[in-house]
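You will see two complexes here that share chain A, one where it goes with chain B and one where it goes with chain C.
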Partner chain A sequence: MTELLVGPFNRVEGDLEIRLTLAEGQVAAAQVNSPLFRGFEAMLLGKDPRDALTLTPRICGICSISQSIAAARALGAAWGVAPSPQGQRVAALIHAVENLCDHITHFNLFFMPDFARPVYAGRSWHGRAVQRFTAMEGGAQRAAVSARAQILHIVGLLAGKWPHTLAVQPGGVTKAPTERDRLRILVSLRAFRRYLEEVVLGARVEDFAALADVPALMCWDRGDAGLFLEIAADLNLAGLGPSQGRYLSFGAYPLEEGPAWAGGLWQGGAAPFDAGRIREDLSHAWMLGAAAHPAQGETRPDEEMRDAAYSWCKAPRYDGQVFEVGALPRQVVAGHPLARVLAALPGGGGVLGRVAGRLLEMALTQLLLEDLAQAIDPRERFMLQAEPTREGEGAGLVEAARGALGHWLRIERGRIANYQIIAPTTWNFSPRDAEGTPGAVEAALVGAPVGPGEDTPIAVQHIVRSFDPCMVCTVH
Partner chain B sequence: MRVIWLQSAGCGGCTMSLLCAENPDVFDTLAAAGIEMVWHPALSVETGGEVRRLLQAATEGHSPVDVLCVEGAIARGPRGTGRYHMLSGTGVPMLDWARRLAARARHVVAVGTCAAYGGVTTAGGNPSDAVGLQYEGSHRGGALEADFIAKGGLPVVNVAGCPTHPGWVLETLLLLASGRMGAGDLDALGRPRFYADHLVHHGCPKNEFYEYKASARQLSDIGCMMEHLGCVGTQAVGDCNIRPWNGEGSCTRAGYPCIACTAPEFEEPRHSFTETPKVAGIPVGLPSDMPKAWFMALASLSKAATPPRIARNAVADRIEVPPTLRKPKA
Partner chain C sequence: MAQIETFYDVMRRQGITRRSFMKYCSLTAAALGLGPSFVPKIAHAMETKPRTPVIWVHGLECTCCSESFIRSAHPLAKDVVLSMISLDYDDTLMAAAGHAAEAAFEETIQKYHGNYILAVEGNPPLNEDGMFCITGGKPFVEKLKHAAEGAKAIISWGACASYGCVQAASPNPTRATPVHKVILDKPIIKVPGCPPIAEVMTGVITYMLTFDRLPELDRQGRPAMFYSQRIHDKCYRRPHFDAGQFVEAWDDEYAKKGYCLYKMGCKGPTTYNACSTVRWNEGVSFPIQSGHGCIGCSEDGFWDQGSFYDRLTNIKQFGVEANADKVGMAAAGVVGGAVAVHAAVSALKRAQKKTQDKVEG
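The block that comes next holds the complex of A and B.
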């Protein structure tokens, strides 16, 4: 048995360190450490509840709108206020733009560059990977930053800037778009569709969205998606980084007619979800206090950084079990046929499943965005005025790009009495719980091959990045 | 020009914003100026051992660092150890890495208000005991000494903003690469004057409402947000309404107030961000450089003179009354 400390782990959002125990050329155990503590939940105590709308987006520069919407919904629930239907639609629209951009950023800038590494020089696809994905130079990277910057014009138009908007409020959004704005948005979406179809997918968005089985997926040979799938087949990424097969989604983009993608649980079959069954375990986190539901949770850092713990991240569990969140879990829960067959593979298709889930969601989100924008009605109201209450309690459960994000808020005498957040990566990158059960990525790393002399094993990098971790959210 | 970029106690949003650069994009802009990103936590391929060796070489002076960019505040807690943020894989606090690399760098750039002054990371009692690189709030002396001067002769260049506009970061790097940024090009808080000599008020589309103090009463009203909704665009530095964000955006254009995110201590305004503190009905913060008596006199005069069009639009969520068209001369 030997130990290996992997870090600084880059091309993830924020700071991440992984301690590996190796035996017989593979990972025998892994400990994941989020080495940064900031303490947003503590910062918010005693503040005017409305200030959460300014401060919580700044937890994370990559899923800032997700944080905005979770905060707005928690406040709305506490005050007994719902957004206007059209305000909710615009909030869903800018949220979906952010989530789509996050998938594009992850695939092109964070995940794919590892295949351009010299370690793969002998592979038939390596030359193309170098050409497309060399860091800061590859053609796919350039196309991605340009397309991303352009589609974020929709957020500039509706919400002022990205990241860190204050446009999303419990009653809706602060700006009423005009018909001219609606048409501009549709033009931006048309341009993004062209990017997806010419560069990422190499065919119509509808065709990728209609994929329903694994053989058809693996035959997809067009665009950068095709290059990824060729690599995935060659390296057997489906067999790397297995999932435990328990998936959770809070449900995405609530609209007047219901959520665009329904939430719930999936454990080989659909199961009902009850947010009351969530607990955060602190046994291996540098946090003081007992395991609790987030509505009763607290955030007191252990300044001693006791030896029994190894991360600033708490360990959320549902019914005492580890659940995986993200694009694939979201689509599995929502019932997309391709997501369901990927999840049915051994280990949920591992790295392949997670990345294919994200490619699938790029196509689905483009289609959703077009529908959302079409149905903007500039004659309607986009914000209802909300009267803050002096007492109240509420939760805001949303789907960020990386999965389920929850804010739990309690207001007493007009001030924030408690604020707890569980971010998607808190679920996926949790440390062990009191039972000693490892978190989702800790479990996924077991069995990963480690070559002789590798100090930063390439297989470990693929697995970790397949989760698209956002460490700044994790430890908020 | 060789740049090493560290992400410290922050949200990573300044990098995310940087990637929104256009005309040309971030990679082309850097390349055009001969700027080499030696290592960036979100963009570079190097990870783990490769990074440790690269940083070691830089701190030992074996590989030159022209610019050290730091994004995020520097955590000093608990109890001054810096262990609230250990740079992963190194067993060394980011506090120490930042100090070691700053001592070697020709220029040190704080990217964002957290790195400059502490920012949002220091809100609400500052749980991680974080500071900016050269400032703790508005006071000099942060992770680096109050009188720190980098080898190139400049103090820390504070590209403050939450987040930073991609243009602010890139143009700062372009100026440093061309050798055209001197001490006189920074304001009294170390911010590049090319954007800090402007006020957010400049070019704000609500200027006509401001002129008459025709005020929005609630968020989503299109009137001026200074009187009731906490907007401090008349005091906050930034060219946000001169060069737009993400195409054609800005905070005030989207109907929410400027909260002076380019300023030290903006994170603790001592009132709700979206509410204007007042004494006897008069906003506490007055426009920069405006004498109070004149402000009061002009405000009451202009308020009395407000045309009905402006008064009505100010409290609506869209333009309800268009401007009267001048009749063509016969």
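The block that comes next holds the complex of A and C.
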């Protein structure tokens, strides 16, 4: 048995370290540490509740709109205010643009460059991977960065700036788009569709969105998606980094007619979801206090950094069990046929399942965005007046690109009395709980092959990045 | 020191044509407010000067600055700048990981000692010996000090590195501390904003690489070319302010008419930045244009000035509880005065804020 400390990880958002115990050329156990702590929950105490709209997005520069919308929904719930239907639609639109951009960034800038590494020289696809994905130089990356900048015009137009927009409020959005704005948004979406169809998917978005079984997926040989699937088949990424098969989604993009993608639980079958059954376990986190539901929880760092703990990250559990969140879990819960068959593979298709889930969601999100933009009605109201209350309690549960994000807020005498946040990566990168059960990534790493002399094992890199960690959100 | 290739060599190697290169030089001159006569000078400098290496490190942060940077407007400028600085070391974007990354970091520092620019995103937290931000097994403050030692200049990207930003918000749980309180012996240029505008970031770095010196700075150490005017000075809603026409509530009829957001807490009158001229996301818009007031994210202490939705006149430190909101015209004068007060108060406050001044690694 030997120990290996892997980190810092590059091409992840924030800092991350993983301690591996190795035996017989494999990972026998893993401990994930998030070494960055800022204490947002402590800063929010005593502040004007509306300030959460400005402070919480700054937890993360990649998914700031998710944070912003979660804060607006939590405030709205505490005040008893819901957004206007059109305001909700515009919020969903800018949120979906951000989530789509996150998937594009992850695939091109964070995940794929690992296949351009010299360790894969000699594989039939290596030359193409180098040409497309060499870090900061590959052709795919330049195309992705340009396409991303271009589609973010929509957020610029509707929300003033990105990252860290201010436009989303409990009653809706501050910007009432005009007919001209609507057309500009549709033009931006058409350009992005061209990028997806010419570069990423190599075929019509509808065709990829309609995939319904694994053989059809693995036959997809067009675009950068095709290159990934070829690599995935060659390296058997489906067998790498297995999932525990328990998926959770809060449900994405609430609209007047219901969420675009319904939320819930999936453990081999759909199961009812009750947010009241979430607990944050602190047994292996440098945090003080007892395990609690986030509405009663607190965030007090253990400055002694006691030996029994090894991370700043709390361990969220649902009914005491580990759940995985992200694009694949979201689509599995929402019922997409391809996502369901991927989840039915042993280990949920591991790295392949997670990345294919994201590719699938790129296509689905493009289609959703087009519908959302078409249905903007400039004659309607985009914001309802919201009267702040002096007392109140509420939760804002949304789906960020990386999965379920929740804000829990309590207002007393017009000030924030408690504010707790569980980010998607908190679920996936959680440490062990009091039962000793490892978190989703810790479990996925067990069994990963480690070659002789590998000090940053390539398999570990693939598995960790397949979760698209956002460490600055994890511990905030 | 080993011979370092020129910017021009690097660009050509990256497949950038001569024509694109000249176009880039013209764009740069225009972006920096220089006349056409500077174009050949810029071109000459880039053809003959050795490339300036850049090391980009991340401390306690949210990465929004990087996100902004890689979205800069002119695809050409972004491509050229990215290939030009080629970010010899960047935590977030680089290929290497783990020990290889640490080795690359060390090698860059040694190889270009005394000659590189250190770009810092985020800041070091100093509480508990820096344990709240550990990279490569060491507190970030140590990495920062180590990298700063051989740097010829430092860029503090964004409000975090420049001032502390929201993670330094009361009670500042980790004692997040801006870079200039930790590194005292190097020229530091602050490029505040949360995040800074992409074009401002590329403009600043291009200037430094092209002319091999810091641009002209204002009193607070910000590049004057982008931070010398208030948002309010060039705001397209300014006529409504002068006419006393204000939005009174979100989405009221005045909001639809695009009236001034001053009463909704807009901090444009006291915020120095280029948002109302350069705008955001490739010049599409900026927060005021989307119907929300400015929160003053490029000013020191913006995160702890009372609620973001308080009207400016309610902010106690201005000492002007005057009813500017009742008389639009009078407000112009009052707010103008308030700016001067604000500047003085911030300077004092900064002097007192010793708590925020330590180092971490």
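Please note the rule applied: the second predicted complex is superposed on the first by the 476 of 476 C-alpha atoms of A that agree within 3 Å, B and C clash if a C-alpha of one lies under 4 Å from a C-alpha of the other, contacts with A are read in each partner's own complex, and residues count from 1 in each chain.
In this text, a contact is a pair of C-beta atoms (placed from the backbone, for glycine too) under 8 Å apart; a residue touches a chain by one contact, two chains touch by 3 or more.
It should be emphasised that the depicted structure is a prediction, and the values quoted were computed from it without experimental measurement.
In the three-chain model built by superposing on chain A, chain B clashes with chain C. In the superposed model, A:Ile62 lies in contact with both chain B and chain C. When the two structures are aligned on the shared chain, A:Arg148 is found in touch with chain B and with chain C. In the superposition on chain A, A:Ala29 contacts neither chain B nor chain C. Legend: residue contacts after superposition of the two complexes on their common chain; A:Ala292 is shown touching neither chain B nor chain C.
On chain A, the surface patch touched by chain B in one complex and by chain C in the other comprises residues 5-11, 13-15, 17, 35-39, 42-43, 47-48, 50-51, 53-55, 58-62, 64, 109, 113, 116-117, 134-137, 142, 145-146, 148-150, 152-153, 155-167, 169, 171-176, 301, 303, 305, 312, 381-383, 385, 455-456, 461, 472.
For chain A in complex with chain C, the residues that touch the partner chain are 5-15, 17, 35-40, 42-43, 47-48, 50-51, 53-55, 58-62, 64, 109, 113, 116-117, 134-137, 142, 145-146, 148-150, 152-153, 155-167, 169, 171-176, 301, 303, 305, 312, 381-386, 455-456, 461, 472.
Against chain B, the residues of chain A that register as touching in their complex are 5-11, 13-17, 33, 35-39, 42-48, 50-51, 53-55, 58-62, 64, 105, 109-110, 113-114, 116-117, 134-137, 141-142, 145-146, 148-150, 152-153, 155-167, 169, 171-176, 178, 301, 303, 305, 312, 381-383, 385, 455-456, 461, 472.
Chain B contributes residues 7, 9-17, 19-22, 25-28, 37, 40-52, 75, 77-79, 83-90, 120-121, 123-128, 130, 162-163, 218-220, 244-257, 259, 261, 267, 271-275, 317-318 to its touches with chain A in the complex. Chain C contributes residues 14, 58, 60-68, 70-73, 75, 78-79, 82, 86-87, 91-102, 125, 127-128, 131-137, 165-167, 169-174, 176, 194-195, 249-251, 255-256, 275, 279-282, 284-293, 295, 297, 303, 306-309 to its touches with chain A in the complex.
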